[in-house]
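Please read through the structure below; I'll follow up with questions.
As written, the chain order gives the labels A, B, C and D, with residue 1 at the start of each chain.
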Amino acid sequence: MSHLLTNYYEAASVILFGIGFMNLLLQNNLIKKFIGLNIMDTATYLFLAAKGYVFGRVAPILTNGIIDKDYYINPIPAGLVLTGIVVSVSVTAFSLALVLRLYKHYNSLNMDEILRMMREEEGE
Amino acid sequence: MSDFSIMIQMILVVFLIASAIGVSVTRNLFMAVIVFMGYSSIMAIVWLFLESPDLAITEAAVGAGIDTVLFFLTLKKVHALKGTREG
Amino acid sequence: MEHHLNLVHNIPFFSIFFAMFCGIITPLIKNGRTARRLHGFMVLLIGALSVVLLVNVTQNGEAYTFMMGHFPAPWGNELRVGPLEALLAVLVSVVMFLTITGGSDIIFKEIVPEKQNLYFIMLNATFGAMLAMTYTNDIFTGYVFIEILTIASCTLILAKGTKQAIVGTTHYLVFGCMGSGLFLLGVCILYGITGQLLFPQIKEGVAALMATGNYHFALMIVVSLMFVGLGIKSALFPFHSALPTAYGSTMTTSSGILSGLVLKAYIILAIKLTFEVFTVQTLVELKIADVMFVLGVFGMVMGSVYAVRESRMKRMLAYSSVAQIGYIFMGIGLGSVAGMLAACFHVFAHAVTKSMLFVCCGAFIEDANGKEQLENLKGAAHRNPLAGIAFTVGALSMIGVPLFAGFISKLYFATAALEMTGLRLVLVLAALAISMILNAMYFLPSVIAIWTRPKEDGEGASKRAQTSPTFALAMVLFIVVNLVLGIGYRPIIDVMKQGIELIQMTL
Amino acid sequence: MSENKSFWQRLKSWIDGDEILIDADKYISTRERKERVPMEKAVTMERLRSNSTLYRVLCVAITVVFIAVMLRVVVDLPMFGDPGSITNNEVGQRYLEQGIEETGAINFVAGMILDYRAFDTFGESNVLFMAVIAVLMLLQRDKKNISAAEDQEMAEDEVFDSQDSKLILKKGAKCLAPVVILYGIYVVLNGHLSPGGGFSGGSIIGAGLILYSAANGQKKMQTFFTIKTLTRISVACLLTYCGCKSYSFFTGANHVGWEIPKGTPGAILSSGFILPLNICVGLVVACTMYGFYALFTKGEV
């Protein structure tokens, strides 16, 4: 338990991941599904960023001309997260465009309802 | 890191979880997007605390900016603004 | 490991960049036909170069790493090239070329003219991403290209532009996002416990962790997250539900690419992870292999059961893919080198066969004016005999009739199972037998149906449909490739063995 | 053709090929009847969902179990902020200690993503490009993607936009847009010197363009920024990116030498390819973000 309190960022990020994942999996409403996707992605990035942090060190940008590995935090997670954010904004835009098209054709945001309508049309 | 700073960070983390749960349970889509915008802004602050200013700038511009704009445009197009309830 | 590189060694790097380059430049080409020519040229060139590379690495018996930039292994990105990777690149090029050659008529018919060039951007990107996933030696690069592949493959599905296609894409995208999310979480935790991102370094880290027993539970969860993620993306049995909706709603050409290649790209990554990061022994020790084995066996049976129930051909083929993916995961789950070898060969056999079946199915549906119920396709083979023959070959290969590719992979699965004892042996053999019977139960009736002349309009139905020469060429080549895999499989197996040995040597 | 033929008779006629049709018909028709079954099964899942309390309880239960397993993993992980953690290894050390010498960038993160691990970043800019092409394919209006209701709605929006009902807002946005764009350009150009870089700066420029377009109407924007401009800028930037990286990967892997001069660390014109790459990424991102906005609102850029 005390571990969870020291690793509070990691703990929070897996909780957020769980919430986001279940939103993506189980929400019927498409917009909330994709908000869930975003929460899930940011949770992963929070986890990664927390892994790079070291107490008492500063951001990895040269300050006062000090070149010392024990002065800055680990730059790798920040770079990976930066890449990840780009990916998730692309996926978000794409998914919302899909939502727009679906609404145009089916007048609904409910995935189950849309699937049902599609099946009914095919059945005819 | 001082105790005070840790306390602030824990409060922020609690806010993050609270807004994530809020997004999941609310039935109003407009509210969900607003709460998600708040979530992204808090995330930007968290990244400042984690000494990653690059990420903070990016998250503020993308998560709280572009993403929210896209979500709102979608809501407008699907006539979900003005407090319409989800179907 | 300082290697003297000659020009041939640059081929993997060149292939990936040339494919992406063609993808980037295609928006400037407004004409879909020109874009198609550029795509065809690119795939042919890369295919030819991959053959050169394959010959070179097998003759020298070497595997090397290619630095992407000025910095060596733990600092910069790397590609890893060996016989197995080169062979996979050849496979991807061949299947891509044949599928698009055979299915391009449908592309030009179904997509509105102003968006045809966009479709080829996505094809080029899909190709580049698959090559990158085949060659990469870096787990995060793998993730980035998984995402490119997700977006590109979703666009291939929605290109048809009908509302069913949009629903199919959304369903597919939701599953794809879940898969990549889980994979990314796995990558992050793995980075947290090993501190590395490149395969060889992670392998050392994992070996050290296994030896000391630290983070045992975390490692187990990491491996499950990554394999479940890849499993969701490659439509492993309980996660397959997006596949029939997506394939049933889109053009058969896209389905052929997706089922033949895109699903395989995720599996290739899973196989690479098994060999180059976690090792087969670790998977067995962590019990992940057992889980994959069970899911694979279930997938083999359940996929076929669903397929038997299905009356629409495209959806039937989609469920058949679920079953075949089950075979591959069962092979990985056997936890032996022989099982992996069989799984690798099945990747080849299924890629070649399923894309051929989809292209034929597309031609049949085209001749039947877009109707895809099995009863509407009656007599389709008489309208288009070449497609009929190819479909029959594909069906026989799927069932596992000797002379065709599918038989050899089943043979190797059975051989791999004979090394096992007890329950596993029984399960594999039973699953193989049941699945073969079920395959026959749904493929034979469709073969019979397409070769049956409908009575009512006897003359109208036997009217020959016009087949373009490119389609004929693609069909003939598809059949030849299938026979080559089914008869002259020895050299291919040898190259795979060599590749696997080389990977295992470089610990 | 009677139903009660023996198996061997049917096999014989099947081999002879004269009665295939009947058998095939029978096969298909039995399969037709079975086809309804999976649909009804699928409906039970919907019924489960309609039973909302049970469904919600199940959702929460699954979430809690998943989170519990993951928390168990977190308990094992290295401590947060521990300098001795395994992630602080030789990889990060080299980025920090020799980064300036080897890349010329004093923002170590920029040096890492645009030089050490540039292949990932190349993939990342391609993801963006693919996304904008995908959105273009989805939302650009063509004969399969138009509806009268939508046309009418858009016409109404246009009338509403042209009224002066939101004058203060519009004037404010007009003043603010150039400042935002300028800040974005600053962030892009200083990517190797200060926090930010191509991606964040590009999104800020994109946000500025969106603001400008919202304030002045898309018509005015179209006078200088159309779909042609968008694709041309994106393609040109990505090709530059592709070219630069091909050069450095090729020379690096083959040990050719011919390195790009790094300049004085800290100066604006320094750090080899990083500045041009940041500019390229920034332009691509700005175009992409504005492209998303325009396609979402009007279905055209």
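Just so it is clear, a residue touches a chain if its C-beta (ideal position, glycine included) is under 8 Å from a C-beta of that chain, and two chains touch if they have at least 3 such contacts.
No experiment lies behind these values; they were computed from the predicted model shown.
Judged by contacting C-beta pairs, the busier of the interfaces C-D and A-C is C-D.
Chain centres here are Cα means. That of chain C falls 23 Å from that of chain D. Averaging C-alpha coordinates per chain places the centre of chain B 38 Å away from that of chain C.
Between chain A and chain C the centroid-to-centroid distance comes to 27 Å (mean Cα coordinates, whole Å). Taking the mean of the C-alpha atoms as each chain's centre, chain A and chain B sit 11 Å apart.
The residues of chain C that reach two or more other chains are 140, 144, 147, 151, 154, 158, 166, 189, 191-192, 197, listed in rising order.
Residues of chain B in contact with two or more other chains: 1, 52-54, 58, 62, 66, 70, 73-74, 77. Among all residues of chain D, those that touch two or more other chains are 70, 73, 77, 81, 85, 87-88, 91, 95, 107, 109, 117, 120, 123-124, 127, 130-131, 134, 138, 145, 195, 197, 199, 203, 292, 296.
A complete list of chain pairs in contact reads A-B, A-C, A-D, B-D, C-D. Chain contact summary for the complex, chain D toward chain A: residues 39, 42, 46, 49, 59, 62-63, 66-67, 70-71, 73-75, 77, 79-83, 85, 87-88, 91-93, 95-97, 99-100, 106-109, 112-113, 117, 120-121, 123-125, 127-128, 130-132, 134-135, 138-139, 145, 147, 150, 194-195, 197, 199, 203, 265-266, 285, 292, 295-296. Partner chain D is touched in their complex by these residues of chain C: 5, 10, 13, 17, 20-21, 23-25, 27-28, 66-71, 74-77, 112, 114-115, 118-119, 121-122, 125, 128, 132, 138, 140-141, 144-145, 147-148, 151-152, 154-155, 158-159, 161-162, 166, 189, 191-197, 205, 215, 217-218, 221, 306, 308-311, 374-375, 378, 445, 448-449, 451-455.
Residue ranges on chain A touching chain B, taken from their complex, read 8-9, 12, 15-16, 19-20, 22-23, 27, 29, 31-32, 35-36, 38-39, 42, 45-46, 49-50, 52-53, 55-61, 73, 77-78, 81-82, 85, 89, 92-93, 96, 99-100, 103, 108-110, 113. Looking at the complex, you find that chain D touches chain C at residues 20-21, 23-24, 27-28, 31-32, 34-35, 37-38, 69-70, 72-73, 76-78, 85-91, 94-95, 102, 115-120, 122-124, 126-127, 129-131, 133-134, 136-138, 140, 142-145, 231-232, 234-235, 238-239, 242, 245-246, 248-255, 259.
Considering their complex, residues 17, 20-21, 24-25, 30, 33, 37, 40-41, 44, 47-48, 51, 76-77, 80, 83-84, 87, 90-91, 94-95, 98-99, 101-102, 105-106, 111, 114-115, 118, 121-122 of chain A touch chain C.
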